[in-house]
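By written order: A, B, C, D and E. Residues from 1 in each chain.
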Amino acid sequence: MRRWIWLSVVAALAIAYPLLLSSPFQQRLGALVLLYAIAASAWNIVGGYAGQVSVGHVVFFGCGAYAAMGSYAKFGLSPLFGIPGGIVLAVGLAAVIGVPTLRLSGHYFSMATIAVAETMRLIVTNTEWLGAAVGLSGPTVPRNVFDLSFLSSLPYYYLFLAVLAITLAITWWMTNSRMGFYLRAIKDSERAARSLGAPASRTKLYAFMLSAALTSVAGALYAMMFGFVDPESGLGILISVKILIMAALGGAGLLFGPLVGAAILVPLEEISNSWLGGKGAGLTFVVYGAIIVLIARFQPGGLLSLFIRRGKPKTDTGAGHAP
Amino acid sequence: MSFVLVQVIVGGLLLGAVYALFSSGLTLVWGMMNIVNFAHGDFVMLGMYVAYVVYTLMGGGPILGAPLATLVLATLGVVVYFALIRDIMKGPMLAQILGTFGLALLLRYSVFWWFGANFLSMPQDIVGGTYAFAGLRIEASRLLAGVVALLVTLGLHLLLTRTSLGSKMLAVAEDQTAAQLMGIRPDTMQAIAWAIAAGATGLAGALIANFFYIVPTVGETLGIVAFVTVSLGGFGSVPGALVAGLLIGVIESLSGYLIGAIYKDIVVYVLFLFFLWFRPQGLMGKM
Amino acid sequence: MLLEARNITKAFGSFKAVDDASVTLEQGDILGLIGPNGAGKSTFFNCLTGDLKTTSGRVLFEGADITDFTPELRAELGLARTFQVPQTFEGMTVLENVMIGAFLRSSHRKEAEAKAHAVLERVGMSRLADAPARSLGTPGRKRLEIARALATEPKVLLLDEAMAGLNAHEVKLAIDLVRDIHRSGITLVIVEHIMEVIMSLASRVMVFHQGKEIARGSPREVTSNPAVIAAYLGTRAAKAAAGHTPVELMGGPDL
Amino acid sequence: QDKVVKIGVIMPMSGGTASIGAHAKAALDVATDIINNAHPELGNFPLAKSAGLAGLGGAKVEVIIADNQGNPATGQNQALRLITEEKVAAVFGSYQSGVTLTSSAIAEKYGVPFLNSESVAANLTERGFKWFFRTTPIATDFAKIYTEFLADMKAAGAKTDAIALVHDNTEYGTSVANTIAGAFKEKGQPIALDVAYPVNATDLQGQVLQLKDKKPDVVIMISYTSDAILFAKTMQSLDYKPAVLLADDAGYSDPSFTKAVGKISQGVFNRSSWVVGPPGSPSAIIADMYKKKSGEEMDDTVARQMQGFFVLADAIDRAGSTEPAKIQAALKATDLKPEQLMIGYKGVKFDDKGQNVLASGAIIQLQDGENYVSVWPKANAEKAPVLPYKGW
Amino acid sequence: MSGALLRIEHLEVRYGDLIGVSDVSLEVPEGSVVALLGSNGGGKTTTLNAIAGLIPVHSGSISFRGEEIAGQKAFAIVRKGLALSPEGWRLFVQQSVENNLMLGATPLHDKSKQAALLERVYEIFPRLKERRNQRAGTMSGGERQMLAVGRALMSDPKLLMLDEPSLGLAPAVVESMYETFGRLHREGLTILLAEQSIELALEVSDFATVLQVGKSVLSGTAAALAQDPQVQKAYLGVD
């Protein structure tokens, strides 16, 4: 009951935000928060729930971004048409990456995803057809509403809000389904989960593919909003890290964790940049870094874990490695 | 084999030794103590700046700069451990990424704030120029770094495998509670591990500074190399990091020369992925 | 024939943990597996469940060759197990642990939950349903593993020292539970070092030593076998086993 | 009167190219000083004589700098903030072509003039924008300079037959390299060797050895500072000296470069539009002011930026208003003569696409220690070019 | 009998909101073997872990050799001459058998004894000697149990605490291990033993304490307890 009250308050606030804080920059900030929340929530499926820390998620982001911009730059279509293509691309790529790497444990999986992401970035950087280092641009002057190129951030805001709602709904549905249970079990003991009939590799792969698909949508939306993608902004490792940091900061493995993380980090970054960036002394990042450090230091389980009373699984595995 | 090719391979080996040098600290804390350190590259950067400051303020070359950088970074390692790492270790692995990523930004931009964004460089001949024999040219500064790399990795390896200190550090990494039951104080061991790792990283930075440029963001480039080296070598394996470093150095050099430099990173990554497929624990890692 | 293992060998490097072992299991059997520590019992187990790839030999289930099947496929066929070193899902409650098993046959959450409750009731753990699994001690975890395995509705259940750490009274209750499981039509393989359990439950016993089978037969036969006594039982346990009929044993040991 | 005209500036103030932003900031400080205060010593230099913008009744110019972090998205966000929150009259920036691309799109949508002084990507002026203006020469201009310069060198007896292009794989490196390669091909002298490398390389031995192996007569370097420094060091350690080493601005103009490795790069040619005039000339005075402010020698990049800023300020002055449309009209009407500039362009005049058609450049050479001197074209050369490349 | 080596009074331990043990008092005289009895979840493990400092003490006192150790960190307590073979073994599964044993010798002040102690463990558990270079994580369940007990013995403790040492061991091994305990006891070692097999426990011990749902309900000499009807009750687990 209380959960529903909370949920409706959050939803109402989200819907009302751009009307309450209505300057273009504030609206854009709101839209960006939602955009990153989508990406971080998508990451959360595999990184938080399945416990597979992907540091290369930007490849899927890039799939979406490049598909959207590509459909305009290469075929003169609305970037919207790129979305399904980006999803197909991302899911396919997730399958190709996932089959060999998901059997790797912990750090190796993270490193493998970094390697894939960097490889993709380098390949795209050297591929003329994809704009190489120059990147691809979207329609500079919108031809019609389907070009999704608006002056105001308001349409973006509500579009992103809708996509975020869908992403969260999918995540929620997943965690309460067999798949979600299996993922948690696999995270604790893959061996035991398999002995009980949980198809570990397949379940993780599905989660990875689902996460990839949603991340690709986030990438496509991102590219449409900025009207541009290049290897750095579409496939740079920093975006992976940013997504991951947001989820971790809010609380990985919690439904609203990524949203909380995005709602804190995006404004923090933009506002500290606006206030301090022009001074050129790197103060933005000193502040930004210090705040992240403090949160990690005092709330290692993520900010949302402050409010959620759920025992975090402590390392208690002296006997965890069986013969 | 053509003569140039020999030079390419020798250059690659020296480069690889340097990779190994600045990766050994990472393999220690990441692979063994199970602490992800996203700020590793920035530790290298700090080592470079310490060496540079020593040079500009005191006119000291690597004889003074390298030990000082080791010392300063080792101290920093201990401070970082007690101020941050000890607490984030209580959380999930993600908290470590979060905390050390924040730390990376903090370090990078504190240096930026202090020194500005300009590229700095040590004088070219600070270690004694370039040796040329039989047409082969080897920079003294790189040779020095290579030799130190070998010594450091050997030392670290012996420390971890042959001494009780090493065995205690591994015990703490595996199970802190059980280690306590052995009368081992986890804090102390982890602080020592951080001191060693950060010290080795600082030393690496100081030696690299002799032939590389110095800039606050240099850690980003080097950090990624270290991550790949450590994973290829196998997490926690010091000799693995050495072999992987040399391998990557030579592969980069050869592919850079033969196929084209823009593909050399792709070659390394693809080889790495290919390798993981067949040997998921890395070259010398244990499962 | 429900389950059959033919000439299983499992080598770690040059060391053969299981060396050419064979076994057949008929519907309704309770096969006891005993042997000294490190004899290869758990390894043999793991070969049957697919946790380990066999070095050589075949495993057949209901006549079909399942040697190359994954553990999850074998679970689906009806092969369930517990682990000697408990593999509890630490981040979950007791109920959720069991639900993971229940999900194998029912994909809906509510259904799985109901089934898990029923299983917990059956093994006498319903009081602990909402307790975090990590609060359980070793015996509790082992019981939880039995519950989890039962929730998969198996045809064959392999128990690896599921009763270790129980006191005599609890062992007696556990034996009753296993009997109950057996009555419900599940075939069992049990590994135990507690002779009372083997004596009172097993219809047949197989004895391992250094990876090889050294004896097989009824519980009485093997416990009086001098080779088994020398390699495994020791004089005291042999005396105890010889001196008591299973029924007597169930009354609890005299003090 | 305290009327101010706000100009939004988007620069990389952090990240790998932050030194550019730091230099630009110092330069713009100098520029606003010149505009806002009376500087009779600069003579007829536009906007110097009086305090403030005469056209707006002596209004002061205020620069609001925003950090783009080298990121197109951040650049765009900041453009939006500058336009809608800070209500700037015009936007100036943003160094990296990608950032310029996204941030100018916002200015276009809001109808605010955007002046760019240093991004070279060709497509920036191909978008049909009405509010975008660019003062800098672009790759086609450079290519023309190089072909002509090398032709002159050849006439003077240098061997310039085999040309090698060394460039990184950034948008700057690849696009400039492509254009130059095209230009030489057109002249019937196709590029002999193309050496591409990843930006911020950890090692460049392979590339230098490749050059050493193939022995081209002329090596054209298109590199950012980090790689430029590493190239210089590696060339020395491998003892490689081409006959002619010609750099395309960027890293080779960075004072960090000359400070770090100037001593071992003696004789390198560089493209520059910036040439310090004789003592007392406006450019010398401005260079001096800049040096006082930043502690660095003025280099080509920062000079182009400063010049661009003056062009923008001049247009606002002539518009006599902060109304975007008026500034736009004034920009379109810009027609500055060489003597009104601090830099060696042939003037400033925008075509329909917003590109300065009079942008040009000269060749300078590192001859005495850490300072470049202009050596080509002959007309305004301080010294004669010295060949071959000396190195260290 | 000599003075108490270990004395626990009204020990209460909590796991978050859950109570592990609510009121445990017991005494281990120097040179004796004391058995800790009780059914599943009675609180034996909790008590032993609290003594070793693995879980914080909520209230009550624990004094070891006259010194209050409640509230101290485990590593400090262990160094005072106490060793625990814990439930679940907690081996260093990545390290070799011998390394595990050597780590057990860490609190040893006199390092020259190390070799002799190692030999003693190898004598008790020949299997460990045979597998000295095997990784602990690949050992069988029983072999791990041997290693855990052996490791605890390596610090030559004043007080040896064993949490269900016979768990998972083959009958013959249990037999010989208990013979060893008897020998060590005769040599003067003090042992606190949590054991499910009451028969075995009472046979080797001098004294015993029975725990029931987190309370110590009964203590006395082993002989007396063996006859006590209440033990039968506790042992049978009937409330």
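Following the convention adopted for this analysis, a contact is a pair of C-beta atoms (placed from the backbone, for glycine too) under 8 Å apart; a residue touches a chain by one contact, two chains touch by 3 or more.
Keep in mind it's a predicted model, so treat the numbers as computed, not measured.
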Out of every possible chain pairing, which has the most C-beta contacts?
A-B
Name the chain whose C-alpha centroid is farthest from the C-alpha centroid of subunit B.
C
Would you kindly tell me how far, in whole Å, the mean C-alpha position of subunit E lies from that of subunit B?
44
On a C-alpha centroid basis, what's the spacing between subunit A and subunit D, in Å?
37
Rounded Å distance between subunit B and subunit C, as computed from the means of their C-alpha atoms
49
Centre-to-centre distance between subunit D and subunit C (centres being mean Cα positions), rounded to whole Å:
77
Contacts with two or more other chains occur in subunit B at residues 109, 112, 117, 175, 177-178, 216, 262, 265
Residues within subunit E bordering two or more other chains
86, 88, 90-91, 93, 138-141
Among the residues of subunit D, which ones contact at least 2 other chains?
14, 18, 21-22, 169, 198
Subunit A - residues contacting subunit D, complex:
23-25, 28, 32, 122, 125-126, 132-135, 137, 140-141, 151, 222, 226-228, 230, 232-233, 270, 273-274, 277-280, 282, 284-285
Contact set on subunit A toward subunit C in their complex:
176-178, 181-182, 184-185, 187-189, 191-200, 311-314, 316-317, 319-323
List of subunit B residues in touch with subunit D within their complex
4, 7-8, 11-12, 15, 109, 112, 116-121, 124, 130, 132, 137, 139, 142, 211-213, 215-218, 220-222, 225, 249, 252-254, 256-257, 260-262, 264-265
Which stretch or stretches of subunit E touch subunit B in the complex?
52-54, 73-75, 78-79, 83-84, 86, 90-95, 99, 102-104, 106-107, 151, 155
Going by the contact rule at the top, pick out the subunit B residues touching subunit E in the complex.
164, 167-168, 170-171, 174-175, 177-186, 286
